[in-house]
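Below: one structure, written as structure tokens.
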Amino acid sequence: MEAGETMSIGDSGKVDLEFVNVTHSIVQAINPVVHTPEGAVVYGLDKRMDHTPVIGDPIDMERFREIGREGDGVLCYIEDCTNANKKGRTPSETVAREHLRDALYSMADYDGGIVATTFSSHIARVKSLIEFARDIDREPILLGRSMETYSGTAKRIGIDFPSDVEMVGYRQSIEQTFERIMNEGKENFLPVVTGHQGEPRATLTRMGRGETPYQLEDGDKVVFSARVIPEPTNEGQRYQAEKLLRMQGARIYDDIHVSGHLCQEGHYEMLDALQPEHIIPAHQDMSGFSGYVELASNRGYTLGRDLHVTSNGNVIELV
Amino acid sequence: MEAGETMSIGDSGKVDLEFVNVTHSIVQAINPVVHTPEGAVVYGLDKRMDHTPVIGDPIDMERFREIGREGDGVLCYIEDCTNANKKGRTPSETVAREHLRDALYSMADYDGGIVATTFSSHIARVKSLIEFARDIDREPILLGRSMETYSGTAKRIGIDFPSDVEMVGYRQSIEQTFERIMNEGKENFLPVVTGHQGEPRATLTRMGRGETPYQLEDGDKVVFSARVIPEPTNEGQRYQAEKLLRMQGARIYDDIHVSGHLCQEGHYEMLDALQPEHIIPAHQDMSGFSGYVELASNRGYTLGRDLHVTSNGNVIELV
Amino acid sequence: MEAGETMSIGDSGKVDLEFVNVTHSIVQAINPVVHTPEGAVVYGLDKRMDHTPVIGDPIDMERFREIGREGDGVLCYIEDCTNANKKGRTPSETVAREHLRDALYSMADYDGGIVATTFSSHIARVKSLIEFARDIDREPILLGRSMETYSGTAKRIGIDFPSDVEMVGYRQSIEQTFERIMNEGKENFLPVVTGHQGEPRATLTRMGRGETPYQLEDGDKVVFSARVIPEPTNEGQRYQAEKLLRMQGARIYDDIHVSGHLCQEGHYEMLDALQPEHIIPAHQDMSGFSGYVELASNRGYTLGRDLHVTSNGNVIELV
Amino acid sequence: MEAGETMSIGDSGKVDLEFVNVTHSIVQAINPVVHTPEGAVVYGLDKRMDHTPVIGDPIDMERFREIGREGDGVLCYIEDCTNANKKGRTPSETVAREHLRDALYSMADYDGGIVATTFSSHIARVKSLIEFARDIDREPILLGRSMETYSGTAKRIGIDFPSDVEMVGYRQSIEQTFERIMNEGKENFLPVVTGHQGEPRATLTRMGRGETPYQLEDGDKVVFSARVIPEPTNEGQRYQAEKLLRMQGARIYDDIHVSGHLCQEGHYEMLDALQPEHIIPAHQDMSGFSGYVELASNRGYTLGRDLHVTSNGNVIELV
């Protein structure tokens, strides 16, 4: 089943499942909508409101607005609140792409090593990295198990993704590839590796510890096209990884990224489009919900009446 | 009606109102308890769990534990969540007093101006300031309208408060007092003034702007026995006030304070004592509640069932 | 004298002054270089390393590299350290432009009021605002004294700037313009106003207080294409201004901006280009210098020997 | 050589070394002073200005003032800048002791496990823990290699330290002690263990992972009489350790501590006492120095003239 399609579910013949196209840090993201005789139930899975994604179609706001108006409207909207405490609008992937282009082009004259890392699952970002690597006359190579898995799949299922890029997943092959890079000259390559969160066993962290044949030298550039996931363990690991890389002389370019989750103005527009009767904030703890509850309250919803804050495993009965 | 007393309310003869003694940044603080045939309703107004307050009796935890066990127990507990996101235990006023003593005694040899500020309503703190001023051979004088109001009242209603301290409330009298201080020598006095939050018209801020006859000189000490209330407007004003004081040469001693509100371990102990059937967090927005909701959830309460998060003005029906 | 030009200064005939083109938040920014018999002295005034500025030429890195290599090289480099504690590379104005485009285009369907604010002196940003306003079928109008001054000058001196945009500087004319906007329909205009830092008397803040004929309504958008200058007084004012705007129903889009100052990787590249004999960090206090001193130390400079940290007004003798 | 003593060093007979008594988080702390014909050189090692330390004598400010006035005065003052960016005065150990007393006494009625941790080298704090444990009818036991080393030494060299407290250093003995505690009842003991920074192999972290015979239960208290050293790796480890402890049901009381280093007002008073001709801030990077440089500049010192900021390994020649 693909974005835009609908199928009947259950035996009654009265309930339909629809997939609405949305935009996120992965490709082919959808939000499921269950059409029931009492109204639609929209499950707002992870998304960004992107009108100019790098891969695929823009978020289908027109369809969301239709669902909000047609029949009995929206009975219930369950929404991902990851960024609900952040002001403003999550920028389009196009903005991250321009940011990345600016960073990589600024290194065009550098004749040493450049290494980049990002979320392996972020196919649009990996695509941009591949393209800009070529623009500055470097051969991109994807290195690391999850890099190979995600990008390989993207290629296979026909995503608009460079088909001719080298991908290397196994540890031994990675070492051989690094040896080849060192032999042919670091200045001709741009390895795209795993390790954006400083994971101790990821390829980039191993490079920082000097455990791979790739030798970082003073002035070499490391590009983190990702944000540190804000949790102390994570921050500690990433800090360590950067420290190791710096000790080898690497220069760090970080935070070249946009979030895949709606900030407050995106949530505002979703409520405006769907006009749901009931709202259930999800995917966060109480503190993470707070910005969303405030937003919904300002739009006339009331906690306990049509705005339902709960924990996982509880049943909310809507009449 | 005083702490420890109970009176019948309503016509049924079945409902009693009790005041339980608690400890807070003001004296004679109580938490009201309404005893109904369905159980007790405890209204957890602002409090700290202080077993060694500087003025008055310790918090009456024994009575709270009794209320938790007797009859039908506690039907509902409404709780102030001001500090519900803060770890640990709010220290006793005794700890703030020792901190203040240490700061003022360290200035015993200084022969220039020392000025202090705190919440006018914080009678225990004002008392400590008066006593330590005298310990280092300085005459304390309370200056500012609200200083006079609160401390005057404390004296009148028989609080254990120094009866012989000078208090000056009117602007003109304050100016005259400052002139007297300058004539007799700043080193003999310790003015306790209003302005702990940098309020633009408070006495301390006026001193910072050089608008009073009191002349601050290089090395003079200003003691903030208060914390900045964390809100940008406030922080801006306080920052400005400190900057003005520093430009006159003042040395700043700040944050000599303990909060008047329970932190998480105090909330934990209150729940342990009361064992309430229902809980309603209060006095905060959704973000402020979050630590409390997590705490209560860990103790087996469930949002929407026996843990009720709501906004002002909503009615929650129990039973 | 323009970027790229050189003139002789003093009587000796041995000292030349050169203006090297750089990129910053204002147009026509330059860095002066004094060529002396002992080597060049480069005064690194405010700049960003922008290879794709929205107005004007890219930073002239080629010339900086030449200056570093020719004759006796660079005797001394004085550098602006505003962002010296920030990691990574300051993005190009192109990135801010894409971010702004994304925000404004996302409002294309909105049929109420949209208002934007930015630094009046930031001509490239004002230009982008004008262009995107037109792209979404709104008439841009620049409002506020400094808006008129800067943009008027830009037009007059022949900057590549829209010549046909309306600019209104005087208070009375601003009120009349707002009345006209209200009469003709807010949805047809995009006022670009002063007040990005929440200055109490700026146009935007007055709009927030409801002191202008422009009536903000629920859902109207306010775009801050600027960052809050991080200083408590400022932060307090901006917070107040946003609060007022929100109380009127406005939705806030903030931080749509890139800095005009080099971050650490820009500083790294400047040192690489100039290879100066001596370095003097400037425009900051000791804390602001610290990242720069660390960077220079890693590149072999030594405090007190060829890396000179000082306060304003001191004389440093080189040679 | 002890605090207060002086000995001749070198062959000239003109240079004396003196140890001045100071107060710090360890006992018997001193600051060395070298008396030369050109004046005294004071090496300001780690210290707090404590007039009421829990163990030992107060800081000898009178002697510092004498050194500042006698003979040629102080040629050079080298000062530890650990807390030089922090406002106010570092409180006395007495304040931490009152804070700790308040926390432990508040647990007097608890009949489950209470565990505490602090710096093993902080003999005064360990002493307070031992005393308060006994005050609430629990037997204190020191557990962990470094606990045994430091406290054992303190006892041996005649520090005023409880001589009858049990100390266990070896892993196997620690396990046996925990078994005994579990057999005789957790409510009778207060283990003081290593692990205040969440070190992965420390005793407390092992308790959090359930690797010791001591079983934490819901409601058990863990007291951190220490502050997290602010560095990401550290913060990550401590966060992990607390998370593990909480998963076992532990309640956390943290930050019961005062620093061992002078804050700004302590530095101000040291400069006032010593009146040094030259100052060299130490033990920090440029960012850590900044508050000190500002303070010294306000008192008339000038960078490069009589205020010398440098890195390790450089020689500063004072005439």
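Residue numbering begins at 1 within each chain, and the chains themselves are lettered A, B, C and D in the order written.
Keep this in mind: a contact is a pair of C-beta atoms (placed from the backbone, for glycine too) under 8 Å apart; a residue touches a chain by one contact, two chains touch by 3 or more.
Everything quoted here is computed from the prediction, not taken from an experiment.
Path length between subunit A and subunit C in the chain contact graph, taken as the least number of steps between touching chains: 1.
By count of C-beta pairs in contact, A-B exceeds the other of the chain pairs A-B and B-C. At the interface between subunit B and subunit D, two copies of one sequence, more than half of the residue numbers in use appear on both sides, so the contact is built from largely the same positions. Centres computed as Cα averages put subunit A at a distance of 46 Å from subunit B. Per-chain CA centroids place subunit B at a distance of 31 Å from subunit D. Spacing of subunit B relative to subunit C, judged by their CA centroids, is 45 angstrom.
Taken residue by residue, subunit D touches two or more other chains at no position, since every residue touches fewer.
Across the complex, subunit D is touched by residues 49, 51-52, 87-89, 91-92, 94-95, 98-99, 102-103, 105-106, 219, 251-256, 265, 268, 272 of subunit B. Considering their complex, residues 85, 285-291, 293-294, 297, 302-305, 308-311, 314, 316 of subunit C touch subunit D. Here subunit D touches subunit A in the complex through residues 232-240, going by the rule given at the top.
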